[in-house]
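Per-chain numbering from 1; labels A, B and C assigned in written order.
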């Protein structure tokens, strides 16, 4: 093999190795982070952790029951608001979105999807907290719903567009009216994908902190009243991790582990739904 | 018959109603931001962008350090993230054995699922001590004469912010780049290989140039995400209104400032200034994302890239 | 057209023109479809035969920018009249497409019953009867009677197409439109469906579009030849294929073009 040719092959080898190494560095980062989470957080997960609320600063013990309840409540409420609107908007885009309004809605959804979540928090504060006189879980849920809606609109549209046009035609040829075709044939066929999109959106907002900073604010006590400030795991982690006490740091890791676990469970459920349904739709 | 027409009409109206929520939302958002930022806009005018003073007591506000910090941390993040993310994308599309593809892709995607505040926690307790002990001393020894590594490293710094941001945006750049590379026709690769190119040369000369616009779009998309990141950044960057070239020094970003100071903003002007920062951030991310989308659309047609969970 | 004085007409087109925007895909076609016959429409790609078929159940107008001039008469009533509901019309006319399109989330039973349910049929016993009858007419009953509630996607391509036929005939339409129904099937599947046509014409009036001349010759009583949107010649099938009157017809049949 000539000298130039040898050099080229060597370069190719070197570049390939470099690419592989860099790729696995990315994977390594993930493993490190999750590993740290597990190592530093697992030992603090006891029964008290899940069932008690925070104790006064400086003391040891206490748990994050208030934050877990708060996360479930706020995210759940956000889903109740965000899923119908987001999926509905997505269905509109897929069924009637060819015209000017469709273009506008799609464009706006893309813009909203790229908006930093802290900006949504400001809007939530000005639009809901200020007029209503106080921070509340409801305000937080609305802020999270605003995050969810454009996400779900786009994923729903995508999933519905995947349904072959021939299915729609077959239903119409049978004498299905347009609304029934859309709901009972098209949406039903795309349902797995739509549900996946919703779960993914929920997992995403479950981890959000910024939009809740000035809406739900946080609460050291256990509460289920949506008109009061409420704590979430994400807010709790922020307070504890940036606080001065070692005890708080320990709790921050444990809470982070629980939050990560929650997000993972929802994400994996979403993947499982896709696989279960999409194995068949061809 | 009439009933069918009516049902169709009702259905369409209901869906349209939901769809209208989106333009309504953005109008509300813009309205809120503009109205609340107006006092500050009127008081400071364009000098807000280049004034470095941020004094709540004297009620003088300038966003220059925040804007600088936002751009600097994002740029640093891109510098670190792009080689990693592109490598992942190229690895997955060109070099990876089939059985490895799904697991690796899944793991990289998982990086995007980690909440920002968890990244921040890891940053404070793992990354920063690590940097302090093992990274900064050799860096300073080697390159301490450059202006980028001046000063004492206490931990919270532009460097820490940049690194965390880099890890956070790798999955986004990687996912979009992968889609872009997958859209390159196999014939391009095969033509290069048939001419005797090595594997790397085929990638470099046939695949990458073809997808160049899309890859740049992917990078800009990553930039867009980095610009808006809040929690992880505010937890490690130091939150100081300072402009400095040294990455070892604390810095500030627009998002971090809002997160940090909004609850403490006691006066109307203070709040207004912060909302104006939010407005600037909003406009910046919209522009950057629009550019990214145009570039990506040209290569990997149509799909709602960047709006899925990943 | 060649029909004897006492042949009842179910369907006919009168000066039918179908447009996509300004482009005429079907030009001034007047065609008669006698009851309980199979009429095949043949012609090269792009001659407008599928478009013509889709005008017969008002599917053509679903394409944005598509429009129709002229009339289509079903039992002497123009289906394009202002007071005719396309949705109701399509329940009286069944259609089977090129590719099998079973509803993927529904079982075999639910697929066949789909057309009945949309008409308001709900009683279990009546549905059971209708489903089994339709499946028998489609020659699929024996193969699926023990697994009616399994997914329709488990069937082979040929079986899925017969399922679509069952679905189309379950509401007991008067007309059955087949748009190249065997295009995606293997020879065995094709043969079964061609046999079905013979059996089904006792119950329905069938119009079949096909690009396969041999199929037209095997299956139909009357054949219409179209070219570039116009009806060139129509007549009894064996006459068209043995003694075509128009030169273009002869050219197409002998394979000189198309």
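In this section, contacts are C-beta pairs under 8 Å (C-beta built on N, C-alpha and C of every residue); 3 or more make two chains touch, one makes a residue touch a chain.
None of these values were measured; they are calculated from a predicted model.
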Skipping chain B, the chains still linked by touching group as one piece
Of all chains shown, smallest offset between own Cα centre and global Cα centre goes to A
Maximum distance between Cα centroids and chain A occurs for chain C
Dominant interface by pair count is A-B
Taking each chain's centre as the mean of its CA atoms, chain B sits from chain C at a distance in Å of 56
Distance in whole angstrom between the CA centres of chain A and chain B is 17
For the pair chain A and chain C, the C-alpha centroid-to-centroid distance in angstrom is 48
Shared-interface residues of chain A (touching two or more other chains) are 177, 180
Residues of chain C that touch two or more other chains sit at 87-88
Touching two or more other chains in chain B are residues 4
In the complex, chain B touches chain A at residues 4, 7-8, 10-12, 14-23, 25-26, 28-29, 32-33, 36, 83-85, 87-88, 90-92, 95, 104, 107-108, 110-111, 113-122, 124-126, 167, 170, 174, 198-201, 204, 224-225, 227-231, 235, 255, 258-259, 262-263, 274-275, 278, 281-282, 285-286, 288-290, 293, 303-304, 306-309
Chain A partner, complex, touching residues on chain C are 57, 59, 62, 64, 87-91, 94-95, 97, 99, 101, 103-105, 114-115, 118-119, 151, 153, 164, 167-168, 171
Chain A residues touching chain C in their complex are 98, 164, 166-167, 169-177, 180, 185, 188-189, 191, 280-282
In the complex, the residues of chain A that touch chain B are 8-9, 11-12, 15-16, 18-23, 25-27, 29-34, 36-37, 40, 84-85, 88-89, 91-93, 95-97, 101-102, 104-105, 108-123, 125-127, 146, 149-151, 153-155, 157-158, 177-180, 182-183, 197, 200-201, 203-204, 206-210, 213-214, 234, 237-238, 241-242, 249, 252-253, 256, 259-260, 263-264, 267, 270
